[in-house]
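As written, the chain order gives the labels A, B, C and D, with residue 1 at the start of each chain.
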Amino acid sequence: MKKIKVGAVGLGRLGYRHAENLAFKIPNAELIALCDMNQEKLNETVNAWNIPFGYTDFDEMIKNEELEAIVITSPSALHTTQIAKALDAGLHVFSEKPLGTNVEECKIAEEAVERHPELVFMLGFMRRYDPSYAYAREKIKNGEIGKPVLFRGYSQDPESCIDGAIAYCGHSGGQFIDMAVHDIDLACWMLESEPKSIFAIGGCYAHPEFGEHKDGDNVSALMHFKNETMVFLLAGRTAPHGYNVETEIIGTKGTLRIASVPQKNLVEILDEHGVRKECSQDFLERFEDAYVEEVLEFIDCIVNNRKPEVTVYDGTKTTEIAYRCKEAFETNELIRM
Amino acid sequence: MKKIKVGAVGLGRLGYRHAENLAFKIPNAELIALCDMNQEKLNETVNAWNIPFGYTDFDEMIKNEELEAIVITSPSALHTTQIAKALDAGLHVFSEKPLGTNVEECKIAEEAVERHPELVFMLGFMRRYDPSYAYAREKIKNGEIGKPVLFRGYSQDPESCIDGAIAYCGHSGGQFIDMAVHDIDLACWMLESEPKSIFAIGGCYAHPEFGEHKDGDNVSALMHFKNETMVFLLAGRTAPHGYNVETEIIGTKGTLRIASVPQKNLVEILDEHGVRKECSQDFLERFEDAYVEEVLEFIDCIVNNRKPEVTVYDGTKTTEIAYRCKEAFETNELIRM
Amino acid sequence: MKKIKVGAVGLGRLGYRHAENLAFKIPNAELIALCDMNQEKLNETVNAWNIPFGYTDFDEMIKNEELEAIVITSPSALHTTQIAKALDAGLHVFSEKPLGTNVEECKIAEEAVERHPELVFMLGFMRRYDPSYAYAREKIKNGEIGKPVLFRGYSQDPESCIDGAIAYCGHSGGQFIDMAVHDIDLACWMLESEPKSIFAIGGCYAHPEFGEHKDGDNVSALMHFKNETMVFLLAGRTAPHGYNVETEIIGTKGTLRIASVPQKNLVEILDEHGVRKECSQDFLERFEDAYVEEVLEFIDCIVNNRKPEVTVYDGTKTTEIAYRCKEAFETNELIRM
Amino acid sequence: MKKIKVGAVGLGRLGYRHAENLAFKIPNAELIALCDMNQEKLNETVNAWNIPFGYTDFDEMIKNEELEAIVITSPSALHTTQIAKALDAGLHVFSEKPLGTNVEECKIAEEAVERHPELVFMLGFMRRYDPSYAYAREKIKNGEIGKPVLFRGYSQDPESCIDGAIAYCGHSGGQFIDMAVHDIDLACWMLESEPKSIFAIGGCYAHPEFGEHKDGDNVSALMHFKNETMVFLLAGRTAPHGYNVETEIIGTKGTLRIASVPQKNLVEILDEHGVRKECSQDFLERFEDAYVEEVLEFIDCIVNNRKPEVTVYDGTKTTEIAYRCKEAFETNELIRM
């Protein structure tokens, strides 16, 4: 059983989770290097898990000749540069979404991937690896719901995280690029099509701070896809009940709903509030398994010398669509693609 | 369209509801008389609804020669005497459950009913007239769940009504006779069988007052029916979430659950308590329609000169079974019938 | 207890239901006249229910001097003329939706209503009288969900009714006018606002016949309301699971969902298809109670000399909005109001 | 990071899963040996996973001096002998339930465990390690549901597995010992009490073959626990909808339900069967995570030199209670403990 030697870049919340999964839950991976600009956080983790190499400088890290692959969870603006450098250093690369913060950046990544057909590149659209989404997509592909009529995707962050969202909102690219990009990828992936027209609206219903960046705390888009399917997306930051990622695909012969109750677990409570389920509180809780599954897939691609289903072009396409949604929102005009 | 002239006896909570339904919701009934010992309550209602006759004395009421039928919602201990008197006075009779507070009383009613085959007698097991119960029973009769394996019936009153329940517990006959009798009727009706052995337990989990009457605030019984079906009943007074009447019939080919969430209406709420449904708060809310349906059936039987499905013998049988449950509970012995 | 003498116009499916409710379920109403162009259907019903007067001619009917009020369920194109005639004849009027098939027609009704401030006029937006919708609206008004962010309304007819829908689609005005008008009314009523911009799309996903009338079998609209709330509507004819009217209002402090499972009753089935609820099959099953409640309200307004909440202007407004949706759909342009 | 060298005994369905988890999902474990009497199955697995040692003889395996721990999933009748031998050979032991097929056997295991206080012994009551059960138990311990009134536990195997169940029913010990033992452990664990009286019934509702072994295809027991809580258990083999393990704890202040819908995943389907969720099909699907968690706990106990919560005495106690249930069922008498 060959183990792939992996380095992890970025020890923020999701980066730490990726590193932890690499260290403990991916049998064919061996986490040998960590990289984070925060020396203290780095040392702490390196020591706790007994990791051989620690770096505060990405360029130094990729010189490590033992390394075979890296997992990038750095700030979005660094993604494409790091992807290109790592590929050029001969490393397989897994990068968190978004591919880049604009289409020009994405092209840098595309070119690097095209320069290195011998290497595996994969983008972190983890929802595709959630068992429920995978199950639903199979049903769609098998024709079990007939022709898709409407795709509805909600991505709602809990109000409890609003302070972080506000602090970050100047750099996030906005709700469409930061949040809806997952739903855009799901829609394109499940429907095997892409938008021909986009209308987008929204507002600051609770938090005017988002308005300072021409964004809203809740925004939505209605798109007509080239295959005629209607696609409605909502991205919001003010869900009082928790983290809510909910998807519905209405077809002519059946409808599928994924996680229409964002349940924490299988416990139902009957008390003075009624009959209720508690909700998952963040993306790490909801997609705990999917974050493992996607990296299992990445490592398996390396081991078996094959390419993952998620390509660099999916990254460019979703970034572009998200930008057009943002443009529709900002201009209040109908966008035709 | 002939209208049956009806009198209503008892203006307690349920009695008032029956009278109100007779006055406004039963097209073929005309409420012409009310009877209650509380003169003030009586006058108030008679005046509000413009009812021709008001009585504080039952014996006086049944002398009224215009009357064709009466609906009895008096205290349980009065049921069988009033039933007999009314039938002997030539009136069709609808009586609330229980038929009597013991088997001897029930026999009085049985004899009166047998003396008057020309009259309609019906007992108020309203659950049979709830659309969901009726629907489930049809499925069972049609063999859609195969052979019944387990019948599980919960009857839970909300903790919010506990003061009334405690005040009344010396006269109610106890949880089996006062509450579980509905589930006993449902089990016998749906399974078309009756118990051969009974084990019953329970306790005072929150309210020691019930113990003073050799009762519990929550009790249960496991019965083996003659057709081999297992029957498990729970009757309780401490439900924090509301009024909960929930029934499950597990069969070899399917399971039916009726009202496993005791929903107030079709509204689902997503808030800081999770994803939840509010519950119905009492029997009047949960069985609002069934209380109308059963009296519609009673009146229709009179108009069309036919007999209702619920017979006086169902009343005796359920009373007897409830008594044996109580005996099992009190003696802590296995009862064989 | 004064009984209002009512006439019912139209004995189609919904008209028959209204007539039946007036005859048997509305205590303060007395159904004394029926009107339908189909002589056979008319006679049959008049005889069955023992109704004093039967008419095949509307103009004859309103000459009946005993009549105090009428309930109109005639073809949509006749509504406004009949409303005006009846009001001018001194009758209180309840009319089914839509008020008129275009805004000009609606103005005729508005003028007639304004000519007769002494009479009650009410429009049949029955959903407002569904207990769950009424309950949800109270919560919104009380601020329980904070500021409304998104209103989502689905109206889906079952595929099983598709033949009728296709046969009727040349006269119905299209999905927005025939179906979505209910959701438009709900949105305006619950949000107390109206659209400032509209984008609408859709297509013929299963039934090209709708395309012949510049319509789709499923259509949707995204509207921005003047109070900033986003409103997304779907109207479709191809639901395989039954009649689905589902509404969600996402607010900054809570979300309400009404009938997100279009349940037939309280029975849950566990069998080889999984754990499931059967669905209601049509609007008469789903809104059985609401159709009674709205007419109870109409009659109560007459008896107590007050005006209903639903006004003639609601009829004009929803018709106008539905037309603009249709225009957006047909032109594929963004409509600003 | 020290890795514990583990051997796995038994490559049946569950044994294979345990071995697979040890090989790939337990970071601190290294699977170095496998043991199964089936030479072919053994070779196949040893080769596929590159395991250093393979044995067809348990006694040979435990002579392997590299081994530190073993996981036993052999036939139930072998459990206690293998436990004792392994402990005496200095190995930490994890054994699948039941501890033994009778109380005498259990005592053998108890003595061996007492002889080796330096070693970790753990029993495979995996449900305790299911996140939902663990979550529910915390709520109970924290007093969130008040005093427990009723514990209801269902364990239902799908009808689709009936052939295996019938073939095995002569050796399984019967439904109480083979299936209900998990619910018995849950009840004792969650309620921190044990039965004082037991009544048990059941029958062969679909499959007379179980009757040949004095068993039923569905059986139930009602127990009164020493702390007064009522405990109702159902164990059955004929569930048409899938594998159903469902638990409810009704307390005076709240009720918890765990997995009352035995969902396969988060997908909800709306089609001609209604609105439905598909169910998990067997214990490996339902408790996939719990089977990993319990072995993670076992290994962690070894690494950190501590004892697991599940003790050998839990094994004896649940076996004894299951036997008394069986006795109650067979004799049709009330059992007092």
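Heads up, the rule we're going with is that contacts are C-beta pairs under 8 Å (C-beta built on N, C-alpha and C of every residue); 3 or more make two chains touch, one makes a residue touch a chain.
What you are looking at is a predicted structure, and each value in this text was computed from that prediction instead of being measured.
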Legend entry - Contact distance in steps, from subunit A to subunit C: 1
Legend entry - Contact-richer chain pair [B-C vs A-B]: B-C
Inset, instruction - Please identify which chain has its centre, taken as the mean of its CA atoms, farthest from the centre of subunit D. - result: C
Legend entry - Chain centre separation (subunit A, subunit B; CA means) in Å: 56
Legend entry - Computed distance of Cα centres, subunit D from subunit B, in Å: 43
Legend entry - Centre distance in Å when subunit B and subunit C are each reduced to the mean of their C-alpha atoms: 38
Inset, instruction - List, in ascending order, every residue of subunit C touching at least 2 other chains. - result: 239-241, 253-255, 260, 263-264, 269-272
Inset, instruction - Spell out the part of subunit C that touches subunit D in their complex, as residue ranges. - result: 239-242, 244, 261-264, 269-279
Legend entry - Footprint of subunit C on subunit A - complex, ascending: 146-150, 159, 197, 199, 201-203, 205-206, 218, 220-222, 224, 228, 230, 232, 234, 236, 238-241, 250, 252-255, 260, 332-334
Inset, instruction - Report the residues of subunit A in contact with subunit D in the complex, numbered from low to high. - result: 1, 23-25, 27, 49-50, 131-132, 135-136, 139, 145, 253-260, 263-272
